[in-house]
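What follows is a set of structures to go through.
Heads up, the next two complexes both have chain A, just with different partners, chain B and then chain C.
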Partner chain A sequence: MSISYWRLKDRYYRLIGVSCEDCKSEFFPPVHVCRRCGSRKLVDRDMPRTGKIVTYTELRETLAGFEDQEPMLLCIVQLENGVKVLGQIVDTTVENLSIGDKVKAVFRKIQEHGSSGQIFYGYKFVKA
Partner chain B sequence: MRRVYVASVGYTTVGDHWNKSILDLAVESGFKALAGAAKIKPEQLVVGNMFSGLSSRQEHLGALVANGLGLTGLPAFKVEAACASGGMASLTAFNMIRSGQIDSALVLGVEKMRDLDPGEISQALCTAESAEYTQFFGASFVSLNAMLARLYMYEFDVTRADLSAFPVIAHRNAVHAPHAQFRKEISYEDVARSMIISDPLRLLDCAPVGDGAAAMLLVSEDVAGDVNGPLVEIASAESATNRFSFYERDDMLDFAATKLAAHKALKSSGLSISDVDYLEVHDAFSAVASLSVEALGLSKRGQGARDAREGKYDCDGGLATNCFGGLKGRGHPVGATGIYQIAETYLQLTGKAGENQAKDVSVGLAQNIGGVDTTAVVHVLKRN
Partner chain C sequence: MKTHYDVGIAGYGVYLPLYRLPTTEIARVWKGGGAGPNKEKAVASIDEDSSTMAVEAARRAMDMAEVSRLGAIFVGTESKPYAVKPTSTIVAQALGQHFVLASDMEFACKAATEAIQVIRGLVGSGMIQNGLAIGVDTAQGRPGDDLEFTTGSGAAAYVLSRSSPETLATVEAGVSYVTDTGDFWRRQNEKYPRHLSRFTGEPAYFHHVETSVKQLFEAYGLKASDFTYAVFHQPNPRFPVEVAHRLGFKAEQIKTGLLNPMIGNTYSASSPMGLAAVLDEAKPGDRVMIASFGSGAGSDAFALRVTDAIEKKRKKAVKVADLISKNTKIDYATYAKFRGKFTK
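Showing the complex of A and B:
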């Protein structure tokens, strides 16, 4: 897990997805084949860091390793380029969330990894 | 292509089998299926299972189960497609027989869930989803289905009571099912007041965690004469995939894999959805049941839950659906679920469903999905 985290750190830290060199469509998570034109020429591209909530939930039974973050707010955000991203939404409560709310991506601690206690960071969302 | 028949079925009760291992459960269901057609010696074992590596630190299930059944030497392997592992195991054996490669196969789905702690079970179920972009952020499988349910309610003005219809019906159907995990009726109020797991989904919106195994013997038309009991023909079995995570889809409420698999299965069986008079849908979560009947073309978009509430999917008077309780009432030992669905359809089409018997049924359709409609397997079965 810690090696895969290292490999993906630019995706997690900076929300870097991919863009198709042929039709300019953008994707996050990155894809190997463009979903629009089928091209395999994809290059890294920064995703916009703002968007709106498409759907959300307050999870009360977290996965192992996330117990200290219970209850956890999760959402799917549609970024300004149309790409949808899943992430946590923080610094708010479920009562203050609505579909359509504007949010922005921030850099936060995601989890402490197993017995090593290595800290993983990545994007979360806050209300804009 | 040759015709393929279900010759016999066998299964364990679904629930907390504290004293039974994954192999004990598999062998119990396998012995029952083998006993139902004693003259048939299977030429292949196909095991459907999702996460034995995590639950029991055990892979290599094909050989393990073949040996456990006393059938050392029998070719055997495991098929995995998340919660659709059972359906995919059946489809695999179906194609081997249909193509003429073999004449008979034992198909067996098994899942041992209760050896894990609740947090570990959530993690195991979540391996159906992206490790890198879903699990990493702490999103469990329930939380994804909760976000799907919220969107469904928002887009189509679906109420809490509408959403409760499938769970209420499932529990009512399971009352008389001897192998069901929950043989207890629940009311709309019970669902609405049950504990929130991941809002808007409550405990009674979600299929339970349980252990179980189901098996069946499949035979070709060439050896079907050796079977004493009644036969049900597998008219077709097809599968399809969707974009991996549901948030990657343009229309998140379109169960495109189910649509595609059902379309292919009905086409190759020469039947249409209106011919189906017995249905097994993958009601892992209340909203998933609704989106499934919509994808099958049985309910209009956004109407699945309301149709269920109005009785359209009642076993008595509607299109008989999940008459042993479905995933919600019978239970959902994930890798076994697809085989339970087909076994229960077999019982219905052969008139052996006891108190759960639906009237005058002759064509069954079973829909088994893995992930959030990421993989779908659809079987069409016909009374012989």
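Showing the complex of A and C:
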């Protein structure tokens, strides 16, 4: 596992973001300074695991290492707390997607480094 | 085997992948037509493995159990994504549970009931408050082998806690029986398991399941008619029906937990998933028997009593019947891509 991924695994595994203790704004990915009020009092917060599709696209040419997952569907999801998250949507086809569809976060394999390397896990979305 | 404190199920959760391969597809490719003994089998997608399915089932079980801390996480599987590196630590991380005893158990299709037996001991001795036992597999058969018809994917998870008004079933008794029997195996570095064909039946499945259930009956003064439901390991649709008949169970006692015809053999998850299907509909006071089978070989048998908490708890259940009926059919080529059967 790359060091940067290992450091961020709670973000990827559990959708852990942050909440501002002063103005209650929530952020994902986590930030160090509140983008709304400038406070540095930020605490870890589980993001809601459900939301709706804001927009989506289909990739037929992906980055190296993701070829087996083509065609790949990417979406921006607005979670129930209003936070917008970028992620893959799986177990469906582009024909079955619409803006506004309800989705939920699931735990999936993101990528693996061949048959002998490490496996990277994280959140993706499926239609709810 | 009895415990010092009574142990019960605080929550259960099942995960089935979306995709189904009709066995007519396997027969079309390899046998020139026909079908397998089961209608379809559940197939994990290209981005799913035993870790991802274990996490999904575990999250559902934890949602129902409503416990904040676990003392142990055991994952029973024979399809570990890593040969060396536990699946249980991936589950622990995904659940945010770190002060746990975490380990993977391996005993072919009975690894999960083994995990249940061990967690039962840890909870029943007072060493831990709550423990999580998961059965999960992405079972693989060699392309063209008879095993390929039935090898399916799925997961079932159980949170065990000390019996209380919050536990939905009490584990009244449990026994384990093993012998050294070479019915099915996979050597180190081999991709697919091998089996001794007909050896799978009498000396393996039937001998071990019958012996463990008879031992459960004898040791605890029970008989088949004491149970509302019985669940057996399901390597195919026929074996559980036959063994139930031999042990004196009637067809209506086993039909709820018999899932193989729709999803195949989910290995470690097979009998635990059948138990979940039973808990989806059981009433307070019902007695349930579950008997697993693992090649190599052995069987764990348990007697459970459903409690009043079932009605409240299962409002949170994602029902096994719904998971089975929500599916997308795939062809053999898609299955081969998903399960890594092409060499690139």
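Methods note: the second predicted complex is superposed on the first by the 124 of 128 C-alpha atoms of A that agree within 3 Å, B and C clash if a C-alpha of one lies under 4 Å from a C-alpha of the other, contacts with A are read in each partner's own complex, and residues count from 1 in each chain.
The rule is simple: a residue touches a chain if its C-beta (ideal position, glycine included) is under 8 Å from a C-beta of that chain, and two chains touch if they have at least 3 such contacts.
On a predicted model such as this, the values are computed, not experimentally measured, just so you know.
**Q** With chain A superposed, do chain B and chain C clash or fit?
**A** They fit: once the shared chain is superposed, the two partners occupy separate space.
**Q** Is A:102 in contact with chain B, with chain C, with both, or with neither (first, second, both, neither)?
**A** Touch status of A:102: no partner.
**Q** According to the stated criteria, A:119 is in contact with first (chain B), second (chain C), both, or neither; which is it?
**A** A:119: touches chain C, not chain B.
**Q** What's your read, chain B or chain C touching more residues of chain A?
**A** The partner with more contacted residues on chain A is B.
**Q** Who does A:60 touch here: chain B (first), chain C (second), both, or neither?
**A** first
**Q** Is A:69 contacted by the first partner chain B, the second partner chain C, both or neither?
**A** both
**Q** A:13 in the overlay: touching chain B, chain C, both, or neither? Say first, second, both or neither.
**A** In the superposed model, A:13 contacts chain C only, not chain B.
**Q** Between chain B (first) and chain C (second), which, if any, makes contact with A:24: first, second, both or neither?
**A** A:24: touches no partner chain.
**Q** Where does A:41 make contact in the superposed view: on chain B (first), on chain C (second), on both, or on neither?
**A** neither
**Q** Which partner chains sit in contact with A:86 here, chain B, chain C, both or neither? Use first/second/both/neither.
**A** A:86 contacts chain B only, not chain C.
**Q** When the shared chain A is used to line up the two structures, what angle, as a multiple of 10 degrees, is there at the CA centre of chain A toward chain B and chain C?
**A** About 150 degrees, rounded to the nearest 10.
**Q** What is the minimum C-alpha distance, in Å, between chain B and chain C after the two complexes are superposed on chain A?
**A** 12
**Q** Looking at chain A, which of its residues have contacts with both chain B and chain C?
**A** In the superposed arrangement, which is not itself an observed complex, chain A uses residues 69, 110, 124 for both chain B and chain C.
**Q** In the complex, go through chain A and note every residue touching chain C.
**A** Per the touch definition, chain A meets chain C at residues 9-10, 13-14, 68-69, 90-91, 106-110, 119, 121, 124.
**Q** Note which residues of chain A are touching chain B in the complex, please.
**A** Going by the criterion above, the answer is residues 4-5, 8, 11-12, 29, 35, 54-67, 69, 72, 74-76, 84-88, 94, 99, 110-111, 120, 122, 124.
**Q** Which of the residues in chain C come into contact with chain A in the complex?
**A** Residues in contact with chain A: 18, 45-49, 51-52, 55-56, 59, 81-82, 90, 93-94, 96, 328, 337.
**Q** Note which residues of chain B are touching chain A in the complex, please.
**A** Within the complex, chain B touches chain A at residues 117-120, 122-123, 126, 130-140, 142-143, 146-148, 150-151, 154, 195-201, 243, 245, 247-248, 252.
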